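The chains carry the letters A, B and C, assigned in the order they are written, with residues numbered from 1 in each.
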Amino acid sequence: MTDTPTDPRADALRLIEALLFASASPVEEASIADRLPEDTDVTALLAELAEHYSGRGVHLVKIAGGWTFRTAPDIGPRLKLETTVQRRLSRAAVETLAIIAYHQPVTRAEIEEIRGVQISKGTIDTLLEAGWIMPKGRRETVGRPVTWGTSESFLHHFGLGEIADLPGMDELKAAGLIGEPPVVSLRENSQMSEVAPANAAEPEEPSPELDALAEQGELVAEHGAEH
Amino acid sequence: MTDTPTDPRADALRLIEALLFASASPVEEASIADRLPEDTDVTALLAELAEHYSGRGVHLVKIAGGWTFRTAPDIGPRLKLETTVQRRLSRAAVETLAIIAYHQPVTRAEIEEIRGVQISKGTIDTLLEAGWIMPKGRRETVGRPVTWGTSESFLHHFGLGEIADLPGMDELKAAGLIGEPPVVSLRENSQMSEVAPANAAEPEEPSPELDALAEQGELVAEHGAEH
Amino acid sequence: VRDGKRAGADGDGVVTEGTEPFEEAVAPADASGSQLVVDLDGYEGPIDVLLSLARDQKVDLTHISILQLADQYLAFISAARRLQLEIAADYLVMAAWLAYLKSRLLLPEPQPDDEPSGTDLAAALTYQLQRLEAMQQAGARLMARPQLGRDVFARGAPEGVPLVKKAQYEATLFELLKAYGEGRSRADSAVLHIEAQELYSMDDALQRLTRYIGRMPDWRTLASFLPANLRVGLIGRSAVAATFAASLELVREGRLQLRQDKTFGPIYLRSPPISEAST
């Protein structure tokens, strides 16, 4: 290395490097700045560090609003490290997760409207158990339904700096596929709910959100025990 | 970086780097070799990697027969972040401080006598930690108890030139800080006398304090209006 | 993930092409129950079915023929019915709605009422198909990302960053003085005993009223019997209460009469007329 430790810029780079290596979770830029002289351009230093590591075995990435190192994605499989075995998500769960991620905060009813089908109770449970979604307060409409959004560990798991970094987010917004529907909402939905009693043979859990909220801790434990 | 991922040597370096980064404990050379083509000179690669990191914020070191990254020794101490947390003094501590200020030098037993309640050990410690009180020698009586008084920084913090600047009882009364016994004091008084002895076992903050706290807001507001 | 089932429904085209194959398929399917070509279980609801069918048109969703799609769906459902598959209500509702949409699309002139036109409904359906397709693709892209603990790894043994919290205590001179003042006044009041309140007792009132007995043939208000110096404040109220209680006592003894014309109205007192008193 050509850097000499006396150069303040190189010194700051070393400190950032050490800090991010030592931290168990991503470190926010403000927290990095706290440890450096006031006039330090932390953003520029981070960019320089990211550049330095771009070709290496570990990369500097922004995750959940903070900076951290991660192994290069192409190397992962060759590390033969113990990996956490994840059960593959069902198609329903993947779709539901995507809808929650892109449309958050979103109610169960809205998810069902997008998918055109009722959500089985297990789907939300699975995503909760994985720690990827969390309740985001209630919608102030009739019935005050719970809304869902993604958690910080969702961002960690999928390596996202923030929700806006979701793949294709901008295009979907531009295409009007996220947010309020630009056209008359399908009347079919109201019709469907009128006919719904036919479906009452096997009704959904009455208010699964509430159950999930109330028992969240328990449910996870219970769920874990099942598998 | 001059390394290109297609160069087998650079590729091996990247893999070692990622492996040592992600491993929970130091990795032995043999274990590294297992993940690389047979003819790889792991020792030479490790030396190269150690050289690369020698000037940086983390160093590649050999610990207990295995290789791992560690924070550069000179940087370690600088990672420590001191944060000052603003803390309000408890009511008991403020009152104890006030008694020390007015009655110094004063022993713990005397403070307790004045307050009519025992002082928990933490109260004196907190005031010491805040730097507002200091021991002022021993009282030449049985047991030679330590006496307490206020410090220089107490005067600074409260903007006092000297202790004599503290307003006297008459002035406190005039300022409304010592009030007439409230009309409903019958309840409060009986509680006080009943609670105080029973309270001797458990320290500090019995319910009368809470009552007083509840009134505190009012008092402050009142005071603000006066001035 | 039901890739297999989806592929079957997507790819074969059995579902959408003529209905003949199903006729033949009925018998073996009923017999073995294993050769179902129309497998509703592979779908995530009617919109998902529609989306699969729409892909068979091999055009961008915005250019899809809703009419054709409706036909495909209806054929799909009738095929499933012929196979005597159990069809969830959702699917049947969608079939009914599509049949309705079809009729609206085929009607030459718009309905007179303010219902949305067939074209509006078709557009709404197209939007819903696009939105679900977008979410299906988004889900796939999400799952294709390198995942933590599987494809990428965090530092295995983070050394940790020490965070030293230094307390800085806050207190103002005002708080200090107030605490001292309150402490002192509390200490003072601790030795104080509540003085007995000066209150007008019933005995006092009884004595006072007795003096008037026999000397008040006319109704007079209770208030007029109160001692002149005890008509206000707490003691005034105690005088009213005591005098009233005393008057009740005297009424009980037959030595006084009470009258009140209305609730909360003034209370009047008088000595009982001689004749009544004797009875």
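Everything that follows uses one rule, which is that contacts are C-beta pairs under 8 Å (C-beta built on N, C-alpha and C of every residue); 3 or more make two chains touch, one makes a residue touch a chain.
This structure is a prediction, so every number in the text was calculated from the model and none was measured.
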Set of chains whose contacts include both chain C and chain B: A
Core chain by centroid distance, with centroids computed from Cα atoms only: A
Furthest chain, CA centroid comparison against chain A: B
Whole-Å gap between the CA centroids of chain B and chain C: 42
Centroid distance [mean C-alpha coordinates] between chain C and chain A, Å: 28
Chain A and chain B: spacing of chain centres that average the CA atoms, whole Å: 35
Chain C residues counted as touching two or more neighbouring chains: 153-155, 159, 161
In chain A, residues with contacts to at least two other chains: 19, 21-22, 69, 71-72, 76, 79, 81
Contacting residues of chain C [partner chain B, same complex]: 153-157, 159, 161-190, 192-194
Residues on chain B engaged by chain A in the complex (per definition of touch): 1, 3-5, 10, 13-19, 21-23, 35, 52, 54-58, 69, 71-72, 74-76, 78-79, 81
Chain A - residues contacting chain C, complex: 19, 21-24, 68-73, 76-77, 79, 81, 83-84, 86, 88-92, 94-95, 97-99, 101-102, 114-118, 156-159, 166-168, 172, 175, 177, 181-188, 191-192, 195-196, 198-199
Parts of chain C lying in touch with chain A, wherever the complex brings them together: 1-2, 6, 44-48, 88-90, 92-94, 97, 116, 120-121, 123-125, 127-128, 130-132, 134-143, 145-155, 158-161
